[in-house]
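In the two assemblies presented below, chain A is common to both, partnered first by chain B and then by chain C.
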Partner chain A sequence: MTENYGKMGARDLHLFFIIDASDSMNYGGKIETLNNAIKEAIPHIREVAAEAEGTIRIHAMTFSTGARWLINHVDVQQFTWENIKPKGVTDMGRGFEYLSEKLESDFDGIRGYQPVMVLLSDGLPTDDYEKGLEKLMATKWGSKAIRIAIAIGQEADMDVLQAFIGDTYRGELKPLQAKNASELKQYIRWASTAVSNASINPAKASLPTPPMPDEAIDVEALDW
Partner chain B sequence: MHYIVAESLFGHRQGSNEDAIRVSHSPVPMMAISDGHGGEAHDLSEVGAQIAVAVASDAMALFYRQLSRKHPTLHPPVLETTGVALEAPSVNTEEVLPTFSTLSSTWSDEIVSKMITEWHRRIRDYSLQLGEQHVPERYGATLLAIMYVAPYVFCFQVGDGHVGFVNAQKEWVLPLLKASHLQGEETYSLCDEHAWFRSQTYVAKLKNAPRCLFACTDGIEKAYPYGEYDFLTFIRKAIETDNIKPLMQEAVKYARDDVTLGIIGLEKPFDTSDMKRRGRPSRRRPILEVASLPKHASAKEVLLADFETLYHERWQLPDLGAEKRLEILLTLMFKNKQKIVPYSTYARYCALHMPSLSEEKPSIKLNHSIKETHLDGVAEMNRNDLMAKRYKAVQLTAAQEGYWYLVTPRGNLPLTAGTVIWGYDLGFMHSQALTPIGMVVKHPKEARWGIKNLSPQVWQATWQRTGVHKFVEMKGTIPLKDNLSLQLYGLPLKVYWQSKPL
Partner chain C sequence: MKQLKVGDTVTTDQGTFKVMKCIGEGGQGKVYRIASDGKAYALKWFHQALATQAQFTTIETLVEMGAPDGRFIWPISIAQTDSEESFGYVMPLIDQQKYQKLTRYFSGEITFEKQTHLIEACMQLVHSFYALHMKGLCYRDISFGNIFVELATGNIQICDNDNVTYDNLTSPEDNWGTYGFMAPEIVRGEAPPSTTTDLFSLSVVLFRMLYKQHPLQGRREVEIDILDEAANQMLYGQHPVFIFDPIDETNRPVKNIKDIAVKYWEQTPDTLNDLFVRAFTEGLTSPEYRVRESEWMKALTILKGQLLYCTNCGKERYYHPNDIKIKHQLRACPHCGTKQFLLPPRMKLEDRVIMLNHDTVLSQNQLRPLDMEAYLKPFARVIQHPRHPNIWGLKNASDDKWTYHKMQGEEQQIEREGVIPMKQGLMIDFNGTMGLVRLSVKQE
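Right, the complex of A and B next:
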C-alpha cells in the first residue's frame, strides 16, 4: 500500500463479517441459512458498490476455537462465498483481537468510507470477550465503524452484542434478533446493503431502519 | 515570490457548490473557508457558508484594526508595497505591547465568539427576510479561519477541514486537532447549539514569518485515501504549479464532494506588486446587510431569562467575560441534561455561600431561584425533614470548622463536598474549560476526604511536611492534607486548610 502514498484515489468501503462458527451453529440449520443469506446478498452489495467511487471490499472472519480469516480485501465484484463449517467453542474475544491486529497492521492511515462491521452470533462467548473488544475499540477503524450485531436465535447474549455495537449512531442501535431463517436473511441483506449505502451516502449520520420481521412467514417450520 | 490561491470547485452530482472562501492579503493576510453541509436537512447551507466567510473576514479585519490602533508597532508583514522600502514603523517606547495571553484570550473569547454570534444573527435575519421559520440547521456549515499579524498567527476552526501554515523552517504546522470521537461524515457545525465550545483556536508567536498560510475543506482529504496526511501533497502541488485546475478536477472526481483550497504565500519582503495570483476567488453572492440587534442583556437578566430565549438566542453572550459565560453555560448544560446542578458548582459560579466539607450538599433543582439555593433557603427546598435538621446542625458547627482550598492559577478554589475542579480552574479556556479534572469525594468508609483524578493525566502529589511523593492515576484519589502540593498538567497547585472562610 505504501506505493500509493501521496496519490489521489477513490475511497473504498470495507465491509467486515465477523461470524460465530461454533458447534451450536450446526443446529437448526443456522449455518446453512447464514451461508445462503450471504450468497444471496452478494448481487445487492454489488449494486450498492456502483454508488461508490471506489469499490466495496469484503472481509470475513470466523471465530470458534480461535479465529481465522476466510477472505480479506476481496473486491465485491470478485467476491464468492465458501460455505462455513462450524466446529469448536465461541472464542468471540479472540475474534475481536484478531480483527484489531489486522486493522492495526493493514489499515493504519488508510481513509475510506465509514467501515461496516457485522457480527453474527448465536450464543455466549466462552472467552474474555471484553478484553478483545477493548482492543478492537482502541483501533481507529474499530471505533469509527458502523457496528451491527445480529443474534441468531434466542440464546445469544444480547448484552454482549450491545457492547459490540457500543456508541454506533450515538448508541441508538440495538442488536437485531433473527428468530427464523427468513429474518436472518433479511437482516444480513439489510446490514450489508442498506448500512453500506448509508456509509457511502451519509445524510448527517442517519441510518435506515432495519426491516420488520415478516409475520406471514411460517415461523414454526423454521424456528430455531 | 508571493501568491494567492483561492479555488473552489463543485463536486456533487447535483445541487450547487456549498463551499465558500474569502482570501485577503490586505491589510494583513487572512483567509476564511466554509463548507456547507448540504443535503435536505441543510438546504440553505450554501447561504450559511457564504455568511460564515463574510462574518469571519469582518471579524478578523476588525480585530486587526483594534490591534493596530492600540499597538502601532504590531504591523502587517508588509515591508514594501511599491518596491520602495518603507521607513520602519515608529516604535513608541512607552507603548505596552499586548501580552500573549491577552491576545490569545481576545482571539478566543471575543473575536471567535463574535464570528459565531454574528453568523447566528445574520442567518436569523436571512430567515426573516425569506419569511420562513428560523431553523439554524438549514444553514449548517463549518468555518475555518487564519490570519497573520506579525509576529502572531491566529487560527480558528469549527467542524472538519484543515487550517495551518508552513513555518520558516518549511515545516507544515496543523495546530488544530480533529475531533476523534465523531463518526463517518459527522462534523461540528456553526449551527450547533454549543458551537463556541466546540470550536478550536490557536495563537502562536512566530520568530519568523510563515512561508504560507493555508486552509482547505475536507473534500481534499477525501481524495487521498492512502494516508492520513497525504492531502498535504495536494497543497504542496498547488503551491508549485501554475495551473491548479486539473488538480482540483482530479480531487473532485475522487472526493465526490466540493473541494476548496486557499493559500496565501508570504515571504519577506512581502511585495504586493510582485504578487502572483493563482486560481480565482469563488464568485460571491452579496451578503444581506441587516440592522443591529438590541444590545445583549446583562448577565443577571440572562440568568433569569426564559430558558428557550437563553438557549437559542443569547447563549453566545459576546459582551460578557469568559467566567460569566462559563457560569451561564454550566447552568444551561445542567439544566438541559439533568435538570439539576451540584450545589458546590452552582454556589461557586453564583458567588454564594460555600459550604464546608462536612456539608454534603445534594444537587439543586434549577427551578429554584438563585436566592433559594442559598443555605438559608434549605428548608424551602425539596428535601425531607431529616435532611433539613442535618443542615441546620451543620450550619451551627460550620463556624468552628475550617475550609479546604485549592490554590489555582485562577485563585483560591474552596473545596467542598462534590466540588468539581474544571479545566477552567486551571486556566484552560475554550472547549477545555468544561473538562472535569478532579472532584472532591468522601472516603467510602471513613470520614476523610480526597480529590479524585477525573483526567487521563497522572498527577504528582507531594506532602510538604514529609516530602513524600505519590502519583495519582485516573480514577485514583489523593487524600486532602494541609500543604499538599499537586502537579496537574504541569501546573503547580496547592491544597491548604484555613480556619475561616476567605
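Right, the complex of A and C next:
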C-alpha cells in the first residue's frame, strides 16, 4: 500500500561551480585546497540530496584564457571531481557568457529550485566581465539564481564579486573572503550544502549563517 | 572564535559532559554526541551569531517547562563552556539505528511495511501536536527534517524544539517558517504563528504522509519553472488551491508528471478524504474551520478499522462503507484489480465498522475515537485458534470486563487475556459499548 503508484514530480537543485583556473591559482596551494575542498564537500552535498525529494545536479566550469565546461547536469550521487590544473589569464566575462549560453540552451522545460551559483576567484578579471555578467543576468535562470562569491586570498576584486552576487538575498550577502585553506574549505562546504538546502527548503527570506573560521585569526598564518 | 571540538567538556547543572563527535549541522548550530558516566546525550551548540540573550532565555524557559510528551526531543539543561562566546543545550539522543528521518520516506528511500504503522505514526503526530497545544505552545516550524519515525512500529520522535514558542505572538517579525507548511495567512504576513496555524501544518503533514503529494502542488506547481520567493508566495499564500478542490480544477495532479496522490485518494475511504477537502478548502481561508486534533484522531481511528487484506494478492486495502451500503459489493482491489467477494469478519461499534483481520490489534480509541490518549491503551486482538485456524477469537487485551451471551443463553464474563470465539451475530458488551460481530460472508 505504500508503494509508489504515480509520479512524485520532484524538482532538482542545480548547483554551479564557476572556477578561476588562472596561473595565480597554482601558487600558495590554492588550487590544491580548492580541489580537495570540492572533493570533501561531495559526501555532504549527497546528504543534502538524500533528504530532498529530487536530487542535486552539479555543473562545473573553469575560466582562464577563455572558458570551458567540465561537467553538466551530473547527479551528485554519481559525481566525482577531477583535479583542475590552472593555466592562463582570468577571462571571467567569457565564463559568464558560457554560463548564460548553457542556461538558454539546456534549461527549457526544466523545473527546479533557485539554482545555486558559486563563483570562486583569486584575482582581477582580464576581460570585460561586465558584458558577460549582463548577459548572464538577462537569462531567467541566471537572474533568479542564488549567487555566492568566494574570494580566494587577498587579491580578488571584491567589487566584481559583489556585482556577481547582485540582488541575491536582497543585497545582504557579501563575498566571502577565504584567507587560508581552512576558510576556503568551510566556505565551499557552506555554499554547496547550506545554501543548496536553503533553496530546496525555503524559509521566508532567510540567509543561512555563514561559517565562522575555526581558530582565532592568526595574522602570521595568512598565506594568500 | 573557538568551535567545540571532540574532547572538549561542557558544563550543565546536571554535571559535565564530554564532546564525543559532531553528528549534525543545521542553520542554527551544530549537534554533537556527548557523554557522561557512560550515558550518551545530544548537544545542540548554537552558532555564535545566534547565541543571544533572547535565545538563552527561550531555552531556559523550555527547560523549565519540560517536554509535552516523551516524543519531543526537548532541552534538558543549558550547556556552557569556559569561553562565553556561545552556549547550547543537552537533549536526549535519538537512536539512529531505530529511527529514520521522515525526509527519507518522501525521497523514496524507505517505506512502511504496513499501513497500520503509517496510521500509528499519524496518530502519534496528532497526539503530540495536541500535547504541545495543551501546554499553550505552538510549533512554528514543523517539517519532515524534524520528524523521525521507527518504520516497524510507527513510533515517532520530534526534534528541533527550540523554535517552539508560547501561543501569544503578535509581531509580524515572528512570521517565518518553511514554505509548504506555513499557513496561508502567515505566508501573506497577516498573522503570526499560533496553534491555529499549527493546525494547518498538521493537515499538510498528514496529507503528505497518507497521499505522498503536497495538497497544494498540482498543475499550478508544475507550471512554475523556477521556484523562487514570488512563486512560493503565490502557491502558498496568494492563490493556494487544493489539488482535489471539488470546484476549482486549476491545480489538479498532472498525469505522468505529478500525480502520485491520485491512486491513494481513490483507494482511501470517503470519510477521510472529505476531512481533507474541508482542511484545504474552508481551512485555507478560514482558520476557524480547520480540522482539530480530536477530529483527526477520530478519522484515523476509523481508517485503521477499515484496513483489510485483498483475498487475491494479499496486499492491504480499505473497506468503503458506501460500497457496501449502496452497491452491496466492495470495489475491486486497487493493486491487483480483482473483485473481492469475501468480506472479512467485522464488528460494528456504534456507527463504525471495524475489520477483524487475522492480525488485527485494536486499541481503546476504537471505543472512544475522540479521546486523544485512548490509542495508547490496548483493547482487543484477533487470534486464530491454535489447532483450528479457521476459528477465530477476539482476545481481551484490556483491563475491562467484557460480557457476552453463549449459545445456550448464559452470560459469560471475559477478563483480560480471555478469548471470545467469533460467531455470526455475536454481541459483546465492552464495559458499556455494544459491539456486533459478523463473520466472513461470500457475496455473489
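For the reader, a short list of remarks on this structure follows.
Everything that follows uses one rule, which is that the second predicted complex is superposed on the first by the 208 of 224 C-alpha atoms of A that agree within 3 Å, B and C clash if a C-alpha of one lies under 4 Å from a C-alpha of the other, contacts with A are read in each partner's own complex, and residues count from 1 in each chain.
By definition in this document, contacts are C-beta pairs under 8 Å (C-beta built on N, C-alpha and C of every residue); 3 or more make two chains touch, one makes a residue touch a chain.
Please read these numbers as outputs of a predicted model, since none were measured by experiment.
Of the two partner chains, chain B is the only one that A:12 touches; chain C does not reach it.
In the superposed model, A:50 lies in contact with chain C only, and not with chain B. Touched residues of chain A, counted separately for chain B and chain C, are more numerous for C.
After overlaying the two complexes on the shared chain, residue contacts for A:168 are found with chain B alone; chain C is out of touch. Residues common to the contacts of chain A with chain B and with chain C across the two structures: 1, 4-9, 11, 53, 109-114, 140, 144, 202-205. Residues 37, 39-42, 180, 183-186, 221-228, 230, 233-234, 250-251, 253-254, 256 of chain B are the ones that touch chain A when the two sit in their complex. For chain C in complex with chain A, the residues that touch the partner chain are 1-3, 27-28, 47-50, 101, 103-104, 106-109, 111-112, 115, 118, 141, 143-145, 175-179, 182, 187, 212-213, 217, 221-222, 224-229, 232, 253-254, 256-264, 267, 315-317, 335.
Residue ranges on chain A touching chain C, taken from their complex, read 1-9, 11, 50-53, 107, 109-115, 140-141, 144, 194, 197-198, 201-206, 208-209, 212-216. Contact residues on chain A toward chain B in their complex (touch as defined above): 1, 4-12, 53-54, 109-114, 140, 144, 146, 167-169, 199, 202-205.
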